[in-house]
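Both of the next two complexes hold subunit A, though its partner changes from subunit B to subunit C.
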Partner chain A sequence: MVTLQPAAAELLGITKRFGAVVACSNVDLKLRKGEIHGILGENGAGKSTLMKVLIGLALPDAGSILIHGKPSRIKDPAEAASLGIGMVHQHFSLVEPLTVWENVILGEQARLSASSARRRVKEISERYGLEIDPNDRVFNLSAGLRQRVEIIKCLRRDPGIVVLDEPTAVLTPQESEQLFRVLRRVVERDNKAVALVSHKLDEVLSATDRITIMRAGEVVERLNTSEADAPSLARAMLGRPVSLRSKGIALGHIEIDEGLAEEGGGSESEEPGILPVLRISGASAKGRDGRVLLDSLSLEVRPGEIVGVAGVEGNGQAALGDVMSSLLRLQSGTVTVGGKQIPTGKPGAMARAGVAVIPSDRHESGCVLNMSVAENLTLVSPPRSSLGLGILDRKARRSQAEILMAQFAVQASGPEAPMWSLSGGNQQRVLLARELSGNPKVLVASQPTRGLDVGGIEYVSNRIRQAAEEGVGVLLISTELEEVLDIAERIVILFRGGIVGEMPRSGVDIERLGLLMSGAAAATAAGAAAC
Partner chain B sequence: MLNRLLRRSAAEEASDGSSGLASQQRLQSASGVLFIYLVCIVAALVISALVVWGTGGSWSSVLSSLLDGSIRRPGRWGKTIGEAIPLLLVALGMIINLKAGLVNIGQEGQLYVGAAFATYVGTFMSGPGVLVLIVILLAGILGGAIWAGIASVLRYWRNIPEVFSTLLLVFVANQAVGYGLKNTRLLLDPTPDTGNRNLISDQLAEGTRLPRLELFGNEFPVSVFVALLLAVSVSLVMRRTIVGFRLQMLGSGPRAAHRAGVSDRLYGGLSLAVSGAFCGLAGAFMLTGGDFGNYRLTPGFPVNIGWEGLLVALMARSQPILSVIAAFVFAALRTGAGFLAATGVDSEITKVVQALLVLALLIPPAILYVRDRRRTLAAAKERT
Partner chain C sequence: MGEFLSAVGDVLSSESTYLSGWRFACALAFVALGEWVAERAGTINVSVEGAMLAGAFAAVVGGDLTGSIWVGLLFAVVAGLLVVMIQAHLSHNLTVNQFVVGLTINILVAGTASYLNSSLSPASPKAHVFEVPGLVEIPVLGPALFGQPWPLYLLYPLIPIMWWVVYRTRWGLEVRAAGENPQAADVSSVNVNARRRQAIYVAGITSGLGGGYLLLGWIGRFEDAIVGGQGFIAIAAVYFGGWTLRGTMFGCLLFGSVNSFRISLPGIGYQINSEMLSALPYVLTILVLAIFSKRIREPQSLAQPFVRGLR
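And now, the complex of A and B:
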């Protein structure tokens, strides 16, 4: 890249506050035509806010925006669209029962013509290598294909500037690579400007031309990707030198340690004497709408073992977590904890059997936001007063809460602080404190580090490891492959509600893992079996 | 309310981290609440005055007759207490199911069925008066509980939202009790003259009525003490017991509650039935207390107590102790309205005045609710 391309968008001195929190402070950003610009930063660094300002979802408190050199005030997404700015959001906004082409033209005001809409979708998909059938219904599509629909939706208006917010969160490694090839085509053929917002070092390193690193609302470094390497990016992103191994999850960095693989190989073998503390066999469940949630899923966790459930989001992670929280009743199959079969779907049954859960929907099944920290710490077994009659011992609750808050370093104004007033990291600590203090046999952690900052991620993963060391069988359900690889000792792969493969962490084959996650390996295996 | 205020300021303290500031804010918050009420009531009074004045009436006489009818004239505040008792009971029941996250709006029907059960027992059972009275009250409780229990069963067996089922059951209750009032074997007064003409029940025997107290020339039934005791009990159960804790858990986080072992069928179903039981008791108290229907069940016996009790709970922002005040205020509006006819102002206009005053009492809780939600959302947003 010798010649400097003209800027498609320039953000100058953008400052945005939310209440007392400064999300962006005097941020400059220049997106050039024909370049993929990586915006790197950990959760809460202000990168999403900056993009919201560009797309018209947030009005800046100070600063100005130049689009193709012209000062612009972008007050809503419609205006952004008319200026040629398109965004692919992290969370999809697709209407599942509709077809691909119907979703693409959704919101169109002019007269609709089905055939021309289909043609347009075909054109775009061929031009950029986004293979998709316009007539497929969205609910049949995998997460990767759904993202293609979103990208086509975005490209249909032929925007000059394309913003992607954490696009690989729902993709398998192979799908991510495909996505980056598409992005490369978008910048090279059409000379568009692409902004890739991410907290993953590896993808920013491999997919971008230029990198802006944000930390705590400010730009801390700008550099060309060719001059960057992982350790220096990590240092800039976190503000201190770090070991990439222990921060792998936060940085989206996978390190395959050969030495560890060999060393682990010996101890990994199954010890026949130890009985699994958790055994799920043949678990099948359907949703209210008849959709298959779990399809004869079987897995085992031994005491002290960390089993990671890898897989693309939407393949049964939520259902598996719900079963372990007694929130979903199985149509068939059994769950055995410590040798005893536990009825599924019965209120409190799993909790009483010693299953601790860090749920992925922590605001719904993990805690009660309206209640105090002390109340949340004692949801399952509130301390009873010696007076009897089911009277609460509020003093004991308070002192219990104080002890747990100290033990788990929960930062709050006190045990009576409402749960909603706590930050995400502290809420997660409250959950950990409650679940781990009950001497559980099994710990089920679903997406335990989602949305946390680096400190929070480190704390939570250490606590999970510590629990396993103390003999708790841990089931880690995560769509972040880095997280599974970082914490788990054994990895099982979840696809369409069933386990399609298994491999030890040591000697992990990322290629095969990715194929299993996308169901490709299962299909070929099934084909082979049929022959 | 104090408790709520304290909680909110605890949250503010959490975000500011300075206790001096928090106590100052607590004060601001309390005066803020008063200010909202003041503005709404003054606005209602001004609009009412304009309406009355515009239609040629005398505003001052409307206001003074409202006061005369509710508290000023001799014997009137006793009457107001008499009306406040069932209002309070209905509101307490409403609070119990609101805490559990359910919305029962069929109080009018539950109350009517409770009163009908009570009447049936009262007119057919013989025995010592006190015993009969107790059985009458129990029958009322049972009737209300059964009527709300139907909605419970529908909710947890067939997923029918209780909002609809409780409401529709009001109309079923009206027809069912109406049928009973046509049939001497059920509720209709067997005395040839009164019954056939009026479709009313036999009068309760003297000994089976609630004793009435007299205080400074004001008379009211002793059920007031039961109602007050229940208000305190509901408040204590909600704040101090495991059952109350679990009910509120179910209401504010059903998934977390289910996971923690709170069965929604058990707790939700029972809370709905208990809420109906409170209405049934209200109906039985109305029957035996003497302020309604002269110890007889009549068509239209509930006289909107069920609907207005629901408003009492809303005005009190689901707080049992505050409901005592709210119930008295609503009762005062009812008894005061009785004197409005004498002012010569059209009854349509006086109804507008009443409605405006009710609105003035209900808007502040709505504003406070929205404000609290906004704060919660803002706090939640700041963290993502």
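And now, the complex of A and C:
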């Protein structure tokens, strides 16, 4: 049992604070060679922070790190790389205008040689079965291919320790499977130590050997994957027993429960009698750079229905949201709300027609962080003073804000608290309150639960369901399959700016869904048609 | 109108138009060459104007002290470098807003140079004209390209060298990455702020050289208005060129020609509002940016300071 060989990496008593937030509190973690170690925890548990400490992107306030038994101070990513630690970053490690090979060798010390770099990329890609063209520019690649580049880049220096932070967020289920096969190869063939960070139960259960569970900055449990099951992991992760079905989004757990889904099932929405409250037909749009954003996209949402738009990031989600926020004009096609055609790209037109929008980047376009909660709540239609002249009635605003804050259970020190002082979940409640208080006909929600903790997710998804029950047509745009499966009743699949398939939540076929998301099904269908 | 066209014709057929057009274009090109590198790394280095002016003043001092053009140019390079080191340190170590820093530097340099000039009144010999045998015989363009004061020829090898450095060396790759996506470059263990500072040093060196060339090649004495916004026009040339080297150099040629046109029109007896012509480079730049905005890709993190961990 006891190995005399030191662990590949050992983190001891790591503590890291950000102001008042303790992101990691006295955390111990041991990564062994030849093992995939899952680090599981819900959003905000401190997983990324812990990994950042290991990779030199954050300096710990306390604690020490042993690499192959040797105490090491890792002050920056270069230092980590020289110690043989490689990381696959989710968000910012590729430079889009550069080619694949340029990205792969970025940050190395040796003289630049294009031919030897291309050869290196080829070697690694063949060794691990990660096919890629080294001369492609990264901005031309799909999310799945970019992920390959990330992995090749991470493996280029043959690191002994490989860290992956939420690597599957932008992948289709099939691509995730393939990633895990590659990781298995890395571990078995090269005896590397792998840390796989995730908030998805299924993923950790199927791909790892050992699991460390974090909650609120602390390690709450360590166990072997063979001894673990979904309910016990969920309990440890959340600190209380939960029904898996309702926590599917947070835990990345997909449950196919035919019986349960059937009763709420979409049959009523199929009724021909009810007219759709939102109809988009043949919508096409191009970006400033001439790229196709939307390609004759058509979909319908009936009153009281929740339609989920599933798809891999970068397939038109942003453009669809922009059209519904009047930020993007269509080249062709129409948008009809409540039977009336609405001009696209005309500021305010969608909002006046009764379209409420929860944008995916709530910090950038959803709210003004430097304004108060009350100001944010009444940004769209501030109460005017009876004096006219556009003077705002501050008292009325305050009382209106207080009512909304109570209705939506916004936790803040008061209506005048600045928006930035609120947690993500409470900011999202403010947005929901503002958008739903205008009695919209249609609610467009883009990734409404992204980055929230379980309580926040539960609240937001319930509010959305409630809005639908009250007759609002909901269009849910999300790249998180769990979110779509949890909230939506009918699912349409977005690929390259168009809808390539549709299925009811009740009879959902995950495999087919994944294929549609990757465009594979569309390709085979086209191939069959051509024959 | 006919009169105007014939005046234009006169200007276009006169060898001296090309000579002076090229001379202005090359002064811009020295500066724009370095500014292009700085912008590819993510800085709009407004202080090139000040670096050019400092270069011009240092050149006359160097020439005055030693009588050597080479020493004058060396002084110019050092002065340009010193000026931009302030910019580099303040905007990429301390993350002070780069425009505020640049504009302040420009005002400081202008004041200091003017004061020192009036109290020292340095004067330098001028660089001699070197006619490249054979090539200078080429009709119309020969004298413009190959019959100029010799410091101008320093520019010719510098252009391909700079291209090679930016596109074919590791340093150049890291510079481009720092300008596009500094977070990505950082996690790939590129020292982003060091690359950005170094790219600014390059701009300082070429700007100083440009100022020195202007002074030693043409005037031999310092005047307050010797640079007169050419640093800003060089920045406009980088934008005009859509952050490609070829486009930037073409912009310098165009803007340099406009400048010489402006100066030679009155010389052949035609009056035109020269203030209007001096705004032309900026107007052209805005037009180009508006018309080609779909095709142009500016460095994605241009003018944004880099702080580790912030998105």
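Note that the second predicted complex is superposed on the first by the 514 of 531 C-alpha atoms of A that agree within 3 Å, B and C clash if a C-alpha of one lies under 4 Å from a C-alpha of the other, contacts with A are read in each partner's own complex, and residues count from 1 in each chain.
Everything that follows uses one rule, which is that a residue touches a chain if its C-beta (ideal position, glycine included) is under 8 Å from a C-beta of that chain, and two chains touch if they have at least 3 such contacts.
Just so you know, these numbers come straight off a predicted model, no measurement behind them.
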Touching partner for A:Pro418 - first (subunit B), second (subunit C), both, neither: first
Subunit B versus subunit C as contact partner of A:Gly290, first or second or both or neither: second
Partner chain in contact with A:Ser365 - subunit B first, subunit C second, else both or neither: first
Partner chain in contact with A:Leu98 - subunit B first, subunit C second, else both or neither: second
Partner chain in contact with A:Ala216 - subunit B first, subunit C second, else both or neither: neither
Residue contacts on subunit A - larger count, subunit B or subunit C: B
On subunit A, positions contacted by subunit B and by subunit C: none
Of all residues in subunit A, those that touch subunit C in their complex: 52, 55, 57-58, 76-78, 80-81, 87, 89, 91-98, 102-103, 105-112, 153, 288-290
Interfacial residue positions of subunit C with respect to subunit A in the complex: 168-170, 173-174, 176-177, 180-181, 183-191, 293-295, 297, 300, 308-309, 311
Residues of subunit B touching subunit A in the complex: 7, 10-11, 13-15, 17, 240-243, 245, 248-249, 252-253, 255-264, 376, 378-384
Contacting residues of subunit A [partner subunit B, same complex]: 18-21, 325-327, 347-352, 357, 359, 361, 364-372, 375, 379-380, 382, 384, 389-392, 394, 412-414, 416-418, 420-424, 451
